[in-house]
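Each of the two complexes below includes chain A, the first together with chain B, the second together with chain C.
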Partner chain A sequence: MLILLIVYAAVAAVCLIGHRRLDRVAFPLSTVPHIVTFAWLISVAPSVLDGDPMVASIDWVGQLGLSIDLRLDGFGLLMGLLVTGVGALVTVYSSGYFSESYERARIAGLLGVFAAAMLGLVWSDGLLTLFVFWELTSVASFLLIGTDDRSATARAAALRALLVTGIGGLSLLAGLVLLGIAGGTTTISGLLAADPSGGVVPAALVLVLVGTATKSAQFPFQFWLPGAMAAPTPVSAYLHSATMVKAGIVVVARLAPTFADVAVWRPIIVVCGLGSVLLGGVRSMRQQDAKLALAHGTVSQLGLIMILVGLGTPATTYAGVAVLLAHALFKASWFLAVGAVDHATGTRDLRRIRGVRRFGVLATAVVLAAASMAAIPPTFGFVTKEGALEALIEGGAGWPGTLALVGVVLGSLLTVAYTIRLALGVLGDGTIAADAIDPEHLHRPGPVLVGPPALLALLGLAAGLAAGPVGAWLARVAASLDPASGGRELYLWHGFTPALGLSAFALIGGGALWWSTRAATATTDAPRSLSTIAYDRGYEGVLSGSRRVTGVTQSGSLPLYLGIVLLSVAAAAGAALATHAGSFDWSAVPLANSPLEVVACGATALSALAVAVARQRFAAALALGGSGYLLALVFLLQGAPDLAVTQFLVETVTIAVYLLVLARLPQRFSAAPDWAPLGVRIAVSVVIGLSVAGFALQASTARTDPSVAEEYIARSEPEAGGRNVVNVIIVDFRGFDTMGEITVLAIAGAGVINLVAAARREQRRKQLLDGTDVKDLSGRAPEVWR
Partner chain B sequence: MSIAQAGLIAVLFSVGTFLVLHRSLTRIILGIGLLGNAVNLLILTSGSVPDGVPILGTGSDPADFTDPVPQALVLTAIVIGLAIVAFLLSMAYRSWTIDGNDVVEDDLSDRRIAAEPDVDEDFGEET
Partner chain C sequence: MSPRSATPRSTILSLTVSGLTPVLVLVAVFVTFRGHNAPGGGFAGGLIVGIVLVLRYLTDGTEAVRRLPVDPIVVIGAGLLLAVATGAVPLLFGSSFLESAIWKVNLPLIGEVKIVSSALFDLGVFTLVAGVVAAILVALAEADNEARRGETGDPEDGGPLDADPLDDDDRAEADR
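This part shows the complex of A and B:
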């Protein structure tokens, strides 16, 4: 399995890197991994479906117990076949769909990346592996939606999809981690076996459901999916109908049989699912763009699948798997067909499309896909819808199941209505005169564009006719989710049952609904849904909020920044000190170690204060030097003659440097506007000084272990042959530190030389300017000297 | 550490901070010099108590030596402090030769964001 994922990634990488050179061959090339994987899946299918999953695992971060765990069971097999099968058809279709104006190699590469991530997602057993692949599909989706990166709409749609699914992904991660902790495991199979309950489990499940709802475009997060239609149609067919949006359903399907009985699970599933079913259905009827109508229809259908797999009874799980397959077949077929229509007629507007009937194969594909979508016998759509109604009637999921049944019937009714409208719109002749369609443009789409949708639509019909064998096969798939789902069957005809009655009701009601609304002028600018508005408000709020925060915190004033940073440090340290001030042992610190120390410290402090009050640079520099010399005395009294000597010498050099530089600067400090009144600045400084002093006092009494010095002192003479321990540490024990110090000195020296040389050049240039006769009234240097 | 030393640390840190918060680059450098001294004193005094000079053979017992490790650390720090001050001073000199002053200016683009938080500059136009 891993090898296949690597092959995918390698082909995708070749496409992405090869770019221009591979433009023509990118799509044929990227079909190869799909076909290879599809064939491999078929070859391993018998053993996998017999309940013998394939497992692969490699260590990732061993210390953290992280590994990449893959597990191919029956459900993973079905999803894998969908990803690779639809993937192969979509790449073939793409080779005819994308003209030379597209960056074909890039799109092919990204589709390959996505396919690899999606396969990893449906096969992953590790909780974190699942999350990583989950996010990879989000990223691939973002890049593919934004294919037309010069359009602001496409960019915004891509960003919206990424943000919504990305935030959902974080929620999923939190939920999975909590579940993993509760179950004491890092794998899904382990989690299901452990079946943790109580404690954090309900909260974790809510987080997981939020994540799955964002990914599968469920109410109230459905709004990103229609926007994602900014992606090229093959991409939409692949990611946003057949595969990626099923990711949430995959996770729900795996967890539901075990966790559906937790109190929070079913109500959330049913509310989100029904919201999507009804909202998607109603909105689909209002669209003029065939692709958008399909997108809203997808939201509706995903809601149905979510309800079925989410209710988690054996019957609904089985029905959910069947509907999932049916939906992938007819919806991908629909999308590809609409793409072909768009290609042939140049429009996707239901009011403008005309002449499609003449393209026999394409029109047949549309009819078949529509029949399957509207659940008209004998298509697979009908068979699975019947199965779904049967399962819901069978019950076992309490009141949410009953509510779901009502909602699903209403949703089916809506589905019938919008399907009729869509099919007639595509096949009929548009009501708006052909002003938008260039007759020249109308051309028969090639076999590459018609073949894939026709094949998918035919499969939908064939699976319906062969409901028995297909149903038995799906039962073995569903058994991997819930053993109790095994052994079930699908029927094309199973007598006059309540389910048949409901189907008929949905068909007739849907037809009637379409008839009564057929004249209603649908509007292209439907009102934005509440969740879209909420998203937009939230997004703008975050942007402007962050700009405001930036404006306040990043005022551009360096002293202000410094003040804030220092005060934060003082506040953090000060708070800790203040809380422990009561327990401080004042007897541990003497007032002074000697009378002379008081004098030395006092003089140093006075000299330092003089630096602050000095108005002239020279006076300030001399006061600084004085304070430094006096500090050397403090060092000496502390028992550190080496330090005292060094401080004395360094201070001398420092003063020399100061005087050298200050001699070239004006006497007084430049008068610059202050960022805060004097009192505030003094207060800030005093607070910081006091908190540091408090910290120093606390630290000096905090030693718990003896110093390392004993070892240094003991080894000083025998090992280094030196008596001055400080000296030995510097030149011997810690010799490399000293080398680093010398390096710093050398670099600083080089910097000084450079800066001074540059300043000299500048001065010479100015002198040259002043001395010559250049009449430049602007006062700026002539070009020659710049 | 004694109260006197802690008081000196407080004064050095306060004055150093006060100077660093100025806009004049020379004052900032003076402040950094003072802060360097303050930190050196802090490390030395909070890490050791005054006692025998840590030099063997001077009569005092090695068991009574004051801790030499903070001294070694501070000795390095003093020298590096000199390097920093020298570098900053040459920067101030360079700044003076270019601008004719040594004032630390505000960042203009930051100022603009602060003034108009609602103006969004980063998004490209539709093409």
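This part shows the complex of A and C:
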């Protein structure tokens, strides 16, 4: 499994690095991993579906219990087939869709990165592995939405999608971590087996649901998805209908059978799901851009799937898996078909499209996909919608289930209405707009553009006709989510049941709704949704709020910063001291080991005092250096040569740099600010000095466990091959710490470099602005240093 | 161009420092590798290189850091990369992050030499620390030059920088 992911990543990397040179072959090349993985999945399907999941695990950071855990079960298999199957078709389609003006290798590479991340997501068993892949798909989506990076709309849409799904991802992470702690496990399978309850579990589940709702574009986070349509159509077809937006559903589907009975779960699922179903349906009716209409329809359909898998009864889980497959087939087909129509006519505006009917195959694909979307028999869409209604009628999920049934019927009605409108808009000739396309000047889409949507639409029809076998196969898939879902079936025809009645009601009602609103929806453009407005307000609010906070907290006064930092330290140390003051054992305090120590310490203190009373910066710096060197002597006397050497060298470099900087400051210290007279400064100094000293004393006598030093010394030579245990600790035993520290150092170094660059930019800007030189900026000390 | 510009402040000091530079760098490398068994290590070694740079800066002025063959940020990055890579390589062999490997090699003339993989990690620390000091000095040099450039436009007010012992050298540089 892991090898396949690496192959994906490698091909993607080749595309991204090869860039221009691979422009022509990028898409054909990136089809290969899809086909290979698809074939592999087919080959392992029998054993996986027999309830024998494939497991792969790689230790990552063993000490932290972090590992990359992959687990391919039935549901992972279905999702894998979707990701690779639709992926293969989309890449083939893309090779015909993208002209030379696109950076084709980049798009192909990003699609490959996305596919690898998505496969990792649907196969991951580790809670953190899941999160990592989850975020990777968000990033890939961000980059792909922003393909047209010269368009401000596309950039804003990409950023919005990233922010919404990114914040959701953090919520998911928090939820997963809490669940992991509650269940004492790091894997999903372990979590489901442990089935923790009470305590933090409800809160954790709410966090998880927020995360999944953002990713799967559920109410009230649905607004990023229509914006994401700024992406090229093949990308939308792949990420924003067939795969990525299913990520939230994948997580919900895995958790629901175990956690659906927790009180908070079903109400949230049903409210979010129904909100999406209805809002998406209504808003889809009002779009003039075919792709946007589809996007709102996707929100609606995702809501339906979310409700089904989220309710978590065996029947709804099964129905949810079936609808998921049906939706992927017809929605990807729709998107690709709209892309082909766009290619042929040069527009996606429902009011302007004309003449698509003359492309027989494409028109057939649209009709089939529409039939499946509107759940007209004998398509797979109808079969699965029937299954969904049956499952909801069957009940078992309490009042949320009943509510869901009503909502789903209304949603189906809306779906029928917007599907009719969309299909007629794409295929019809009765256009309203004056600038409608002239049917004589159409550009016939090639087989590469027509083939994939037609194939997907045909599959939707075939699966409907073969409802029995497909249903049995899906039952084995669903059994991996909930064993009780196994053995269920789908029917194309199962007599006159309530479900059939509801389906007929939805069809007739939907038709009537379309008829009665067709004039009203023909011309209007949809207003911005409340969620979008809320998001925009929130975004602006955060920006201006942070500006205000920065203005208040970053006053630019170094003495103030220093005072706050020092007093905070003193407060923390003081609080710790106060709570332990009673237990302090004065007799355990060592006084001095030798007279020389007394001398060295005294000299250090005197030198430090000199820093405080010096009037000239130069003298103060020298005194500071003196106290540093004397401190090195103290270290040496205490038997810490490594520390002494380092302290000595650090002091040398610091003092030298100090002096170089001081050369550009006034010789004498400037007067202290008014709010900090001498008394205040002395008080602050005394408080911090006492608390740090007290803390050090307390800490040195507060040992409760035996020191690790003995063990380190014993292990140093045999395990790390070094006799200097201090160094061995730094580079080996605690090498991870060192890694962190040098990273901080590297960032500090980069910061210094950037500060200089920024100052130079600023100076150049000022020079440009007023045409004079700006000596003040660097010649004199900036305000901060005074 | 003033004749002073080509003359360092103290020829003797400058020559001594430039003569000592290779020796001091060698000492720094020695301290780094010695750290495994005796006081020293990558951090100390890197600081020694830093001190060498500071000395050169003091004797030769900003010219000293402008002549650096590589950009400090590259050095910093290389050091970090080396350290991370040393940590990551054991993962490929199924060991945990940063696990040490110890090889014993017989070299002609020298005899048996023990090589520990964590020495490479220390070398990364060494490189990074030296790079950071270099970055700070480059920043100072840049600021110096900017200040000089700002001042040449306004000769009446030398400002606090008149006290700067580096002034003459640098101002001459800016004049060029």
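We take it that the second predicted complex is superposed on the first by the 533 of 786 C-alpha atoms of A that agree within 3 Å, B and C clash if a C-alpha of one lies under 4 Å from a C-alpha of the other, contacts with A are read in each partner's own complex, and residues count from 1 in each chain.
One rule holds for everything that comes next: a contact is a pair of C-beta atoms (placed from the backbone, for glycine too) under 8 Å apart; a residue touches a chain by one contact, two chains touch by 3 or more.
From a predicted model like this one, the values you see are computed outputs, not experimental measurements.
Novice: Going by the contact rule set out at the top, does A:A571 touch chain B (first), chain C (second), both, or neither?
Specialist: In the superposition, A:A571 touches no partner, neither chain B nor chain C.
Novice: Just chain B (first), just chain C (second), both, or neither: which does A:A462 touch?
Specialist: In the superposition, A:A462 touches no partner, neither chain B nor chain C.
Novice: Identify the partner contact of A:Q763: answer first if only chain B is touched, second if only chain C is, both if each is, neither if none is.
Specialist: Both: A:Q763 reaches chain B and chain C.
Novice: Contact-wise, after the overlay, does A:A605 reach chain B, chain C, both or neither (first, second, both, neither)?
Specialist: After superposing on A, A:A605 lies in contact with chain B but is clear of chain C.
Novice: According to the stated criteria, A:L558 is in contact with first (chain B), second (chain C), both, or neither; which is it?
Specialist: A:L558 contacts chain B only, not chain C.
Novice: Output check: A:R547 vs chain B and chain C. Expected answer is one of first, second, both, neither. What do you get?
Specialist: Touch status of A:R547: first partner only.
Novice: Contact-wise, after the overlay, does A:G735 reach chain B, chain C, both or neither (first, second, both, neither)?
Specialist: Once the two structures are laid over each other on A, A:G735 reaches chain C alone.
Novice: Scan A:L424 for contacts with chain B and chain C and give back first, second, both or neither.
Specialist: In the superposition, A:L424 contacts neither chain B nor chain C.
Novice: Once the shared chain is lined up, is A:I17 touching chain B (first), chain C (second), both, or neither of them?
Specialist: After superposition on chain A, A:I17 lies in contact with neither partner.
Novice: Between chain B and chain C, pick out the one touching the greater number of residues of chain A.
Specialist: Touching more of chain A: B.
Novice: Would you please give the residues of chain A that touch chain B in one complex and also touch chain C in the other complex?
Specialist: Of chain A, residues 641-642, 646, 650, 653, 657, 661, 664-665, 723-724, 726, 730, 738, 745, 748-749, 752, 755-756, 759, 763 contact chain B in one complex and chain C in the other.
Novice: State the interface residues of chain B toward chain A in the complex, per the touch definition above.
Specialist: Going by the criterion above, the answer is residues 1-24, 26-27, 30, 33-34, 37-38, 40-42, 44-57, 62, 65-69, 71-72, 74-76, 78-87, 89-94, 96-98, 101-104, 106-111, 113-115, 117-118, 120, 123-127.
Novice: Chain C touches which residues of chain A in the complex?
Specialist: Per the touch definition, chain A meets chain C at residues 59, 61-63, 641-642, 644-646, 649-650, 652-653, 656-657, 660-661, 663-667, 719-724, 726-728, 730-732, 735-736, 738-739, 742-743, 745-746, 748-750, 752-753, 755-756, 759-760, 763, 772-781.
Novice: Show which residues of chain C lie in contact with chain A when the two form their complex.
Specialist: 35-44, 47-48, 50-51, 54, 57-58, 72-73, 76-77, 79-80, 83-84, 87, 94, 96-98, 100, 102, 114, 116, 118-119, 121-122, 124-125, 128-129, 131-133, 135-140, 142-144, 146-147, 149-151, 153-154, 157, 159-161, 163-166
Novice: In their shared complex, at which residues does chain A touch chain B?
Specialist: 150-152, 543-544, 547-548, 550-552, 554-559, 562-563, 566, 589-594, 597-598, 601-602, 604-605, 608-609, 611-612, 617, 620-621, 624, 627-628, 631, 634-635, 637-643, 646-647, 650, 653-654, 657-658, 661-662, 664-665, 669-670, 672-675, 681-682, 684-686, 688-690, 692-693, 696-697, 699-700, 707-709, 712-714, 716-717, 723-726, 729-730, 734, 737-738, 741, 744-745, 748-749, 751-752, 755-756, 758-759, 762-763
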